[in-house]
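Both complexes below contain chain A, partnered by chain B and then by chain C.
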Partner chain A sequence: MTTSTTTPAGSAIAPRRRRADDVAGLGTVRAGIFVAPALILIGIFLLFPAVWTIWLGMTDYRLTGLQAASPEFVGLDNYVEALTDPSFWNSLWLTLIFVLFSGIIGQTLIGFGLAWSVRNIDGWTKGLIEGLVLAAWVIPASVASFLWLVLLDRRSGTINGLLGTEGTAWLIDHPMQSIIIFNIWVGTAFSMQLFSSALNAVPPSQIESAKMVGATGWQQLRDVIVPNIKGHILTNTLLITLWTFNTFTPYLVTAGGPNGKTEILSVYIYETAIPGGQLGLGAAISLIMLLINLVIALAYVRVSKGRKKR
Partner chain B sequence: MTATPVRKVAANTTVRHFLARVAFALIMTIVGLLFALPLVWLVLAPFDATPSLSLSWPDWTLDNFARLAENPYALRSIGNSLLLGVGTMVIVVVLGALAAYAMSRIRIPGRDGILYALLLLSSIVTGTAAMVPTFQIITQLGLINSYVGVLLVLAGGILPTVIFILKDFMDSIPKSYEESARLYGAGPFRILRDVVAPIARPGLAFISIWTIVQVWGNFLVPFILLRSPDMQPAAVLMYTFYTESGQADLRLISTFALLFSAPVLIIYFVVNRRYGFRFHGGIKS
Partner chain C sequence: MINHSKRRVLAAFAVATAGALVFAGCSGEAPEASEDGPVTLTITANAITGGKNAAEADWIADWVVPEFEAAMKKDGKDVTVEFEPQGVDDENYKTKIALDLQSGEGADIIGMDGIWVGEFAEAGYIKPLAEVGGDSVDAWEGWEQIPEAVQQALSFDDERYGVPQGADGRVLYYNKDLFEQAGLPADWQPESWDDVLDAARDLKKIDGVTPIQLNAGTAMGEATTMQGLLPLLVGTGEQVYEDGKWVGDTDGLNDVLDLYKTIYVDEGLGDAVLQQEAAGRDTSFQMFAANQIGILLEGDYFWRSVINPEEGVGTAPMANRDDVVGYTKIPAMKSGSGIDDQDFVSMSGGTGRVLNPNSEHPELAWELLAFMNSADAYEARNAGTLAITPRTDVNDEMLADDPMLTYVSEEVLPITAYRPPLAAYPQISTALQQATLDVVSGTSVADAASTYADAAKDIVGDDAVSGG
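Presenting the complex of A and B:
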């Protein structure tokens, strides 16, 4: 009865093993039928759009008008148009700043700082801090955005009240800084949790010996903790980069404004393609975004494979 | 003679150490307060008879909730969100369980490769990167402004992660149960329904809750694919409330915001405390 657990794995007894594997009597054909619906759905609504973007990006497809009915093939015109448009480069630059400060620096450092500072405390303080950070991450994006509009309101916002800066319109005077801090607020929970579990896995004996030879807190961090969680830092950075690069939520706070000062790439694509109606051009920029995503994801795969081997 | 400087140095480091700790604690307190600040308004304003944008101790009342019930769009949009969440959940749990089971039990050629490729695909083809082709395809299919379109797009994006997680669960189920069921003459579908599914229940429950949370907060997909105001889920209506109503009705908005956030907050904290699981990243945002 327990052949499946006692059969040693090995190529010599492959046929027997295969039969032992197929305990439910599924058979390859029926297995295929079980898998097919999911794969078809993924194929149509995930794989196909990605491939379709390549074609769409080489047409002058528009939402309305003549080009909506019979779009024409325009080759690489859209790419030329996008790459020679200063507003595209501006958007890419804003995206870089946004990802760098809000994701890589902000979320990673604050997430680590929070994980580090609550690691040795127990009870309600830890629960409270973690709970607050997590709550910011789980509440729906449109609610989070409104809460920040309330907080930063020009006339009666809490921030102006606390800082004594009545009348400062943060979202107009400092729009980029505002969405960077907003996005740190929304996303830090992930880094905090990842670093929490990473710090738990650092062997206590190593920290003890570092303390015995008189290493300061900073030295312990640099020489013991960071080398131990290097893999986690890399994983965290790549995932945060990918997600921050792809977030659309800042649109709900500033709608890309004022004057396109917060028009990160996701917002730029939306503005171009849907209200702007230039689906062909929007698709061309989307393809650039997909390629950047591909590069980040492949880097992630390499890193996690390397970690597994070690 | 030599003892004094040593003691002084020791005292110096203790003082510096102490100051560093105080500074660190202070910074973390400020960070903690910064995280709490926006949430305080979410919790207090709905219970205030005259909520304003600034934080103030509320003039306690429950009238705002009664008023919310009278708004024709508010409760309907919560219902719409529920419909989308449960609909997507049913699709991904059924299709995901079938696929994960088959992949767990049969050596389909290149299985692991397919699995990783799917996962990679879902992290590359995000809602934002694929919004243009998705919008165009759904328009061509005539599914703009229909829940079918929204459900299929959401399910397609979530399924790879679901299959990946469920396959892990299925792999851990001992095969001896299925063997005995088969001896009694049960077919594969019956085995999946009556033997595997009950054992995999924690996994299926996790996936169901996770899917609903993902869809509940999703803004972009319904925002670009739905047109009619009465079809909007709460995520989009919330945005409509504060962008399109000239003078924002704070009593309505604050109450709606709390009602809309409460389910995911409750699910998250109850489930998180009880089962201690972490939400896998992936398609959040």
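Presenting the complex of A and C:
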């Protein structure tokens, strides 16, 4: 997103300079050898699994049973099954809610809010706040999810102890809210760090000028800060959206339950393919998920290109 | 000059990388099996010291490994046995061994639930014992000691795929202290579901006690089917698989789901939330051990490995188990309404161990497996904590020491029923678990039953499902 356009100003008018074919002087064969390892690796670890997934998605391959020994080609049956299954749409809907609230609204806004509020603080308070937020980001997901299980436990949970709400099963009564807050807690540090550095790059002179003409804090934010860090906001939102869309960590907290109420797409695929054993169907849904990812990424690219043209 | 040497380095790098990739591709090939050199055999089971099935894990690590190694040394063979313990939910363990076997890896001897044998065999992950272990398999002395019905637990299509490691049965456990407080007899013998419900209603009057916990929901996996729905279903006179058809939207299934509704939704005799928690089953164990659950339907595993007060054996030990915990047979819905017109019913399964067809030393692995199932081995195994073994010679000698296991062996096993050893069963089981979950979380019985029947038809086809 941030790839700077290096074409010099006015290049549209100047006659396009022809690029040399062989800048390094390697020759086609040697150049080919040079990139071969990379191509082989990409082929083995990226291309092959992708093609494999497409093929798998068109079979009734299962983890066990007859279909594991001799899977049969079923064409687009898996896709039809997935797209006509209400639980798939339910899962997609849950994923969208999850991305919107925990990713876009939660992590981005809170991350920005934190970066904004600590920008003028110096010394140990800033270090402490940043340290605490970062801690949530560095703690391994398995450990973090265990902490949250203990925190939200129905019988001896910390939250119930603090609030005096003994016996409230947060993960059963409010499962989506729980994993949304959990994910905000886990991921906010990234937004905070990114926005912190972005805010540092805003020219102080502009802020000073705004202050001189009597702009309020909100006006400074709207008219000086945001236009300056628009690119960062876009990049951050893209990354957060994709990460949140694909994250599997909530599984460690709720295991998709109760009764599929937190079965976001990644969890749904796992439940279908591994414990459910339907590898073929799982592969088909994976491909659908991949396509959604591509659409999200393309949408952001369009937006950022449009922004740059202006 | 510099340019030239740089190119050479690059070319060398490219060749090396390509070469490494080629080699990586070849390394999957098994090395030549030699029976004389040092050999390593591995055993895996869902058992771990200090956790799940601790007694089995300790026995493997402390008895099987050293004794077998010593016995081999006597024969002049240098054999090392390694134990790879696991301590996770059965469903996760199943996934792990399925993936191991699928990728041609895995331990030489693998512990598994008998009910997985069908689907693993169909997938080609496991092979008939004699095919893997050689001629000495059928000649083994142990087969004569293991009753046919018990051998069935690890068989598929009339072929032995593994050696069963025991027999089990399900009963109703109840807490005598709580029963006394509720004015119920210490020697409780319910004769119908209504008797059980009446007792639960009395228990409800005690503060802080969940009267009855009947396994439900998908989080508990097979425990829901085996220690919940199926023992009830056989109490209505139906079986999950009968005359070539799987149970569908039948009267029996509706009766069973009705009971779930009475317990969890209508009367609040059980804790419905607990059944939806990810670690619900372990929590139900802890609560029973803490005198917070009145009645619990479980297998003898619960007695041996969960509330066992012996040091390091039970996961939720109860110091006064023998005094406080009562057990009684599971009644049919009404007297005589069970399968074969029985008054009482139960379900049995069986775990066992199979040989990995990918083993590099299959014949030695069979020797180890036979060794693990010898009379001596079971005596050593039972020295720690008693379990019902598959061998009649050992059972006759040892079971008398434990009244609970004698009870299961003498009273429960004769009336018990088994799950069908068919590959479709685990999927049907999951659909049944979902039906209980639907009811417990508020769906009507009729809707849950018809949703289940649709799922069952999707799995095995319209013709293979009974009922409406």
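Observations, loosely collected:
We take it that the second predicted complex is superposed on the first by the 255 of 310 C-alpha atoms of A that agree within 3 Å, B and C clash if a C-alpha of one lies under 4 Å from a C-alpha of the other, contacts with A are read in each partner's own complex, and residues count from 1 in each chain.
The rule we apply is simple: a residue touches a chain if its C-beta (ideal position, glycine included) is under 8 Å from a C-beta of that chain, and two chains touch if they have at least 3 such contacts.
On a predicted model such as this, the values are computed, not experimentally measured, just so you know.
For chain A, the partner that touches more of its residues is B, with chain B and chain C as the two candidates. Touch criterion not met for A:G75: it reaches neither chain B nor chain C.
Residue contacts after overlaying the shared chain place A:L132 against chain B, while chain C stays out of touching range. By the touch criterion defined above, A:T64 lies against chain C but remains apart from chain B after alignment on the C-alpha atoms of chain A. Contact with chain C, but none with chain B, is seen for A:L171 once the two complexes are overlaid on the shared chain.
When both complexes are overlaid on chain A, the residue A:P86 reaches neither chain B nor chain C. Legend: residue contacts after superposition of the two complexes on their common chain; A:N259 is shown touching chain C, with no touch to chain B.
In the superposed model, A:I274 lies in contact with both chain B and chain C.
Contact with chain B, but none with chain C, is seen for A:L39 once the two complexes are overlaid on the shared chain. Chain A uses residues 25-26, 30, 34, 37, 44, 155, 274 to touch chain B in one structure and chain C in the other. Remark: chain B residues 17, 20, 24-25, 27-28, 31-32, 34-39, 41-42, 52-55, 91, 95-96, 98-99, 101-103, 105-108, 116, 118, 120-137, 152-153, 155-157, 159-160, 163, 174-176, 178-182, 187-188, 191-192, 196, 213, 216-217, 219-220, 224, 234-236, 238-239, 242, 253, 257, 260-261, 264-265, 268-269, 272, 278-279, 281, 284-285 touch chain A in the complex.
The touching residues of chain A, when paired with chain C in their complex, are 25-26, 30, 33-34, 36-37, 40, 44, 62-66, 68-69, 154-155, 169, 171-173, 254-255, 257-259, 274-277.
Taken together, the chain C residues at the contact with chain A in this complex read 3, 7, 10-11, 13-14, 17-18, 21, 91-92, 95, 98-99, 102, 116, 118-120, 122-125, 217-219, 273, 276-278, 283, 423-424, 426-427, 430, 437-438, 441.
Contacts from chain A toward chain B in the complex involve residues 1-2, 4-5, 18, 20-28, 30-32, 34-35, 37-39, 41-42, 44-50, 52-53, 56, 61, 110, 113-114, 117, 128-129, 131-151, 153, 155-159, 161, 185, 188, 190, 193, 216-217, 239, 242-243, 246-249, 252, 266, 269-270, 273-274, 279, 282-283, 286, 289-290, 293-294, 297, 300-301.
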